[in-house]
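Look for chain A in each of the two complexes below; its partner is chain B in the first and chain C in the second.
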Partner chain A sequence: MRIAGYKLTLAKRETLSGLQASMISVLAVLTALLLFSLIFIQADVNPLEAYKEIFDYAFFNSYGLPLTINRFIFLLLSTCAFIIPFRAGLWNIGMTGQLYAGSLSAFAVMYAFGVKDAKSAEYPALIIIPLMILAAALGAMIIASIAGYLRGKYNVNEIVVTMMLNFITFWLVSFMIKDGGLFMNPGGRGESFELPASLYAPLYKGVPFTLIFALGFAFFLHWLFAKTKLGYQIRAYGENPTGAEYAGISTVRIPLLVFIMGGALAGLAGYHYFAAVPGVYKIARSYAFLGDLAFYGIICGLIAQANPIAAIPVALLFGGLTNGGRFVQGKMHLGFGIDYALLGVLMITLVAFQFFYRYQFALTKAEKESPDV
Partner chain B sequence: MPLNNIKHGDTVLEAKGITKRFPGVVANDHIDFEIKAGEVHAILGENGAGKTTLMNILFGLYQPDEGELFVGGENVSFKSPLDAIDLGIGMVHQHRKLVPAHSVIENIILGHPKAGKILDLKRAEEEIHELSRKYGFKIDLRAKVWQISEGEKQLVEILKALYRGAKILILDEPTSALTPIETEMLMESIKTMSSEDLAIVPFITHKLPIVLGISERVTVLRHGKVVSRLKTSEATMKRLAREMVGREVIFRVEKEEVERGAPVLEVENLSALNDKGLTALKGASFSIHEGEIFGIAGISGNGQSELVETIAGLRKEQEGKIIFNGQNISHTSSLERWQAGIGYIPADRIDVGSIGEFSLIENILMNYYFDEDFSNRGILDYKKARKLTNKIIDEFGVATPNPETTAKCLSGGNLQKIILGRVLSRKPKLIIADLPSQGLDVGATEFIRNKLIETRGEKACVILISEDLDEILSMSDWVVPIYEGEIMDIIPGEEAKREGVGAMMAGVKLEEARS
Partner chain C sequence: MFEFFVRSLDASTIFTIAAIGELIGQRSGVLNVGVEGIMLFGATLGFIVAQATGSYLLGFLAGIAIGALLGLLHGFFSVTLGGDQVVSGMGIWIMGFGLTTYIGNPYTGPLGMDRIPSVLGLSPFFFVGLALVILTKFVLSKTSLGLKIRSVGENPSVAEVSGVKVAKTRYYSSITGGMLMGFAGAVYALNYNPVWNYNFLMGWGFIALALVFFSMWNPYILMAGSLLFGTLWQLSLNPQLVLPGLFSRYIWRTVPFGITLIVLFSMSMKWFRTRWGAAKPDALGQPYLKEE
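On to the complex of A and B.
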């Protein structure tokens, strides 16, 4: 293409710095918002106003911000749960099942301490909360390790296994909290028994301490992949399994290990949402919604190019938009599903812009000997 | 058509001052070239000498920046390979482009304008039959392509070009995948074809004996230029290699006498299955001592990969024992064998020996990440790895801008040097080198052979696997032909004869081979 004596060509990128990558992502987000303006205009809403409302509520509102942060913690943990196996070339589609298993395990700890029947009693939080967290991680690990083991030992497709485990655990939760279930709410509203106030997770300025987990693990994973022997083995297996086997890396151990690690983080996400978020403190009837939300971990992980640090802003954006989008839908009387549509457009644009990770436009002065046609 | 009425000795194709530039390189720099009907004119050059570019220009895939092409005396320019085909130029690619599930005839008429919309297989069969009889090809036209050998596939490609009316045949590395016997047969066919007024242009990287055996003239390219043009009758191996590489090349690798030391590897009655679950290695027994090169000669797929993978610990043995340094290592993992002092250079350097997306440093770590020197409580010492990488790059003359370059950016020869350097720097007692010089140019091949031979002085021993008999014969202390998973014989290097070993590689039993 030629513009006024300049030639616009598409060239393959040799290198991509972190700064360039983030510039491309920011550009993608802006493009997505621009595209989605059309929907707002079509619904007779000023897009600028709508976006202002969305971002105000998501990031600057005293009611909205804590919600955003809680979603962010949940999404970041889910994203990391996806990223670990993904660095080994494996797809964890089972964050949903893993977080359910984690939640059930955490509630099992409370059940064992008799919380279900004596809600008002004082419990030793310093013992029980760590046990709940440990149990959540462990329960999710066990479920996830099934997929990892089958993959490593018998080469069974991990996508299928994790997907199936999602269904199993979904109904398992239902079985446990609905009528006659072990964790049933005494009121029988199709939800689990509630946490006693003494077992609420510690908050700092309204934010649960699980934020430290989420951010901590993101940085830890970055370090793990960049510096450690285990991280090296995982990456080698992910890039070239035959080469990894040649180098003596166990092709049974690595799939098992990445699913165990990923599962543990998904379990923590389950603990976070059902036992640490103020106002929830139970496995609610609508628990399926969080199972769906966990799938955004895949999207965030892919957009962040499996980089756990890059996942932080991505998860924050998605957490904020799911939250603000829903709010603006109610406030401006928009059609149902505006929030999902917005996320959909954002996803597609982000994925489409990954093209620029590999290619770039180059503007060069057109040569004289080849005149414009 | 300019080539319709050509006679033996007429110039059929002429290139004058062909020049082609790519960003940063002149791939072809004023190349002149001509070929007559009934002549074989070989083009010789190392990887990167500009052969492929020239070939693509002659076949119409590239247009030259400067220079002219003449076919049968007419100035022509090709817009696409179709123009070249229409003028009677046929190309036989190095990588076969045939449909395995189809028969030979179906492959030959695929894309032929005469085939039209309705297939007339009968007439095609008669015509192709006639053609193959004329040039003395023995080939079953109704066989499916997957059933026939590599050598026969080559003939199918040639027949395909001839059936489209080719008068000038361009052959890209014609013998690269063939057994010695198939090579002989192909050389015969080429001679017959040229006696029938065809003009044949083989492009060859190594395998200098082929050039000497079939061609009348040779043009040698180096760095995109013609460095010499000579009659084959005046050429020798030494001279051709010198012209090609630009310096003296020693063919008889200099091997110092090394005292036979203690046994390093003893293999007893070893059997293994291939990936399909069939017995691929049948009861191999041998021992290798310090300072010896054990050269296993065989055509790919005769159990040599299974043998070395079993020794390296990547494949379970069905039966038998592997004793290394006096220890039975049969049940140890591949990692334990690396640590015990076995170093393995795999045949597939891209899919097995390296990780394309990894930097050279991380590729070096493939054989070092498990060393205590390179990790401290699970944290890898990347600084040390970089130092080692730089050392290997220097010592092995790897052409790379820096150690952060990803492995996929390296050429085959440079990648092989990285792998070789990585394995040899561990100072293994046993080095398994599976097809170490496959696809490399003369310079890199010579370098790698010498590096392997040097290890004998350090009391290491080498298992060398090769399809190239010259490589085996020039390097090995023991020559070991293998056929269908069986070791046919173990012959002391100085007693091994080319013909006998070649026959045993093709399955001729020892008694017959000796008689």
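On to the complex of A and C.
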């Protein structure tokens, strides 16, 4: 293509610097938001106004901001749960199932302490809360390890396995909280029993302490991938599993390990949303929504290009976007599912932008040619 | 009991059609993990068009058309751009999940049209599915077109040298596969369960994907697997027919997914692995970029 004496060509990239890579991500997000304006226009809403409302509510509103932060914690944990296996070239799309398993385990701890029947009693939070967190991580790890083991040992496609586990745990949650299940609310509304006030997660200025986990793990993972032998092995396996085997890296251990680590983080995300977010403190009837939200972990992971530090701003942005999206949906009378539609548009735009990891447009001064006749 | 049998066949048919679509694509070396997304799109658009026009035919055509379009999109990402096919498939799935939730929401509820008449007591789509299986098997193993498709999936560079147009063949296979997946979705929403609800497929597409892996890319085994899973699915919805009172209904709903896991696990047997390895299209999931 020629533009005013310059020639626009497509050239294969030799290298991709960090700056270029982040430029691609930023461009992809901007393009997706631009495309998404079409949905606002179709619904007779001015896109600029809609985005302004979204950002105002998400980041500058005293009601909206805490919700954004809670979603940010949830998304960052989900994103890290996706990133760890992704570094090893594996797809963990089972964050949903893992977070369900994690929250069920956390509720099982409370059930064991008899919380269901004596809600108003005082409980030793210093013992039970750490136990709940451990249980959440452990329950999710067990579910995730199935996918990792089958992949490592028998090369079974992890996408199918994690998806099956998502549906199994989805119905298990229903089993536990509905129709007289063990965790059903004694009031019988098809939701779980509520946390007693003494077991609410500690807050600092309205923010649950789980924020420390989310940020801490993001930095920990960065260190793990950059500085440790294990991180190196994971990356080597991700780039070339066969080559890694020749280099003495266990092709059974790495897939199992990345899924166990990823699962544990997704379990913490489950603990966070069902047991630490103010105003929730139970597994609600509409728990499927949080499972769906976890799919944003895939998108954040891809945008952050599997970099846990980059995942922090990305998760914050999408925590805000999904939260603000829900808000304008109600305020501007848009159809249900604006945040779902955004999920869809973002994902496909990202896929298209993958192309630019390998190719780039080059603008060169066109050589003098005889003008076309 | 006959009713249960008919419903099971209906469910099996949807698995069969979608999985045959995936099988054709995979035979040509294109892995599409977005089956569920394409089915959701086919189902939602088929549902909307049928309800708006009152015509089943237009509904099915809409489902097939959007399937073809998504098959083309997947072909573009994975053949022309030579990108990661899993990334593209995941993109199509999440796009389908996200956009159909928004687009279909105003249509939540029953379709409100007369049911499609049955043929010999069975759903007409059962015969369509059966014909598709036989036709696919015939084309893939007995015709030169089938040879082209398989050669492109096994060893694209050799195929190219022997004069087969790799990109074109893969495009056609991906589009045909997409059409079948879209059609399968439309059959679900217009015949099997004509009520729209968000993300109503709940894993059908992923089970279809698993069926293809398990079938060793043989349409007959695939059909047998679909019959098993169709029956299981139906059983999980109506457990009282066979084992009344045993387990909660929610536990029954996990059964088809659990069985899928067990089936995938059983593929780890040595007997199976050798045959599976031999049947697997060698170039499955690998982009083919011509040397320049």
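Just so it is clear, the second predicted complex is superposed on the first by the 366 of 373 C-alpha atoms of A that agree within 3 Å, B and C clash if a C-alpha of one lies under 4 Å from a C-alpha of the other, contacts with A are read in each partner's own complex, and residues count from 1 in each chain.
One rule holds in what follows: contacts are C-beta pairs under 8 Å (C-beta built on N, C-alpha and C of every residue); 3 or more make two chains touch, one makes a residue touch a chain.
Remember, predicted model here, so these are calculated numbers, not experimental data.
Because the two structures share chain A, they can be overlaid on it, and in that overlay chain B and chain C fit beside each other without clashing. After overlaying the two complexes on the shared chain, residue contacts for A:42 are found with neither chain B nor chain C. Within the superposed three-chain model, A:246 lies in touch with chain B and out of touch with chain C [touch as defined at top].
Look at A:17: by the touch rule set out above, it reaches neither chain B nor chain C. After overlaying the two complexes on the shared chain, residue contacts for A:120 are found with neither chain B nor chain C.
Judged by the touch definition given at the top, the superposed model places A:153 against chain C, while chain B stays out of reach.
Between chain B and chain C, the partner in contact with more residues of chain A is C.
Touch criterion not met for A:62: it reaches neither chain B nor chain C.
The minimum CA-CA separation between chain B and chain C in the overlaid arrangement is 5 Å, rounded to the whole angstrom. Chain A has no residue lying at the interface with chain B in one structure and with chain C in the other.
Across the interface of their complex, chain C is touched by residues 39, 91, 93, 146, 150, 153-154, 156-157, 159-161, 163-168, 171-172, 174-175, 178-179, 181, 292, 295, 298-299, 302, 335-338, 340-345, 347-348, 350-352, 354-355, 358 of chain A. Within the complex formed with chain A, the residues of chain B that make contact are 314, 333-335, 338, 344, 346, 351-358, 362, 365-367, 369-370, 375, 378-380, 382. Interface residues of chain C, counted against chain A in their complex, comprise 33, 77, 81-84, 86-88, 90-92, 94-99, 101-103, 105-106, 198-199, 202-203, 206, 209-210, 213, 248-251, 253-254, 257-258, 260-261, 264-265, 267-268, 273. In the complex of the two chains, the chain A residues touching chain B come out as 227-230, 232-233, 235-236, 239-240, 242-250.
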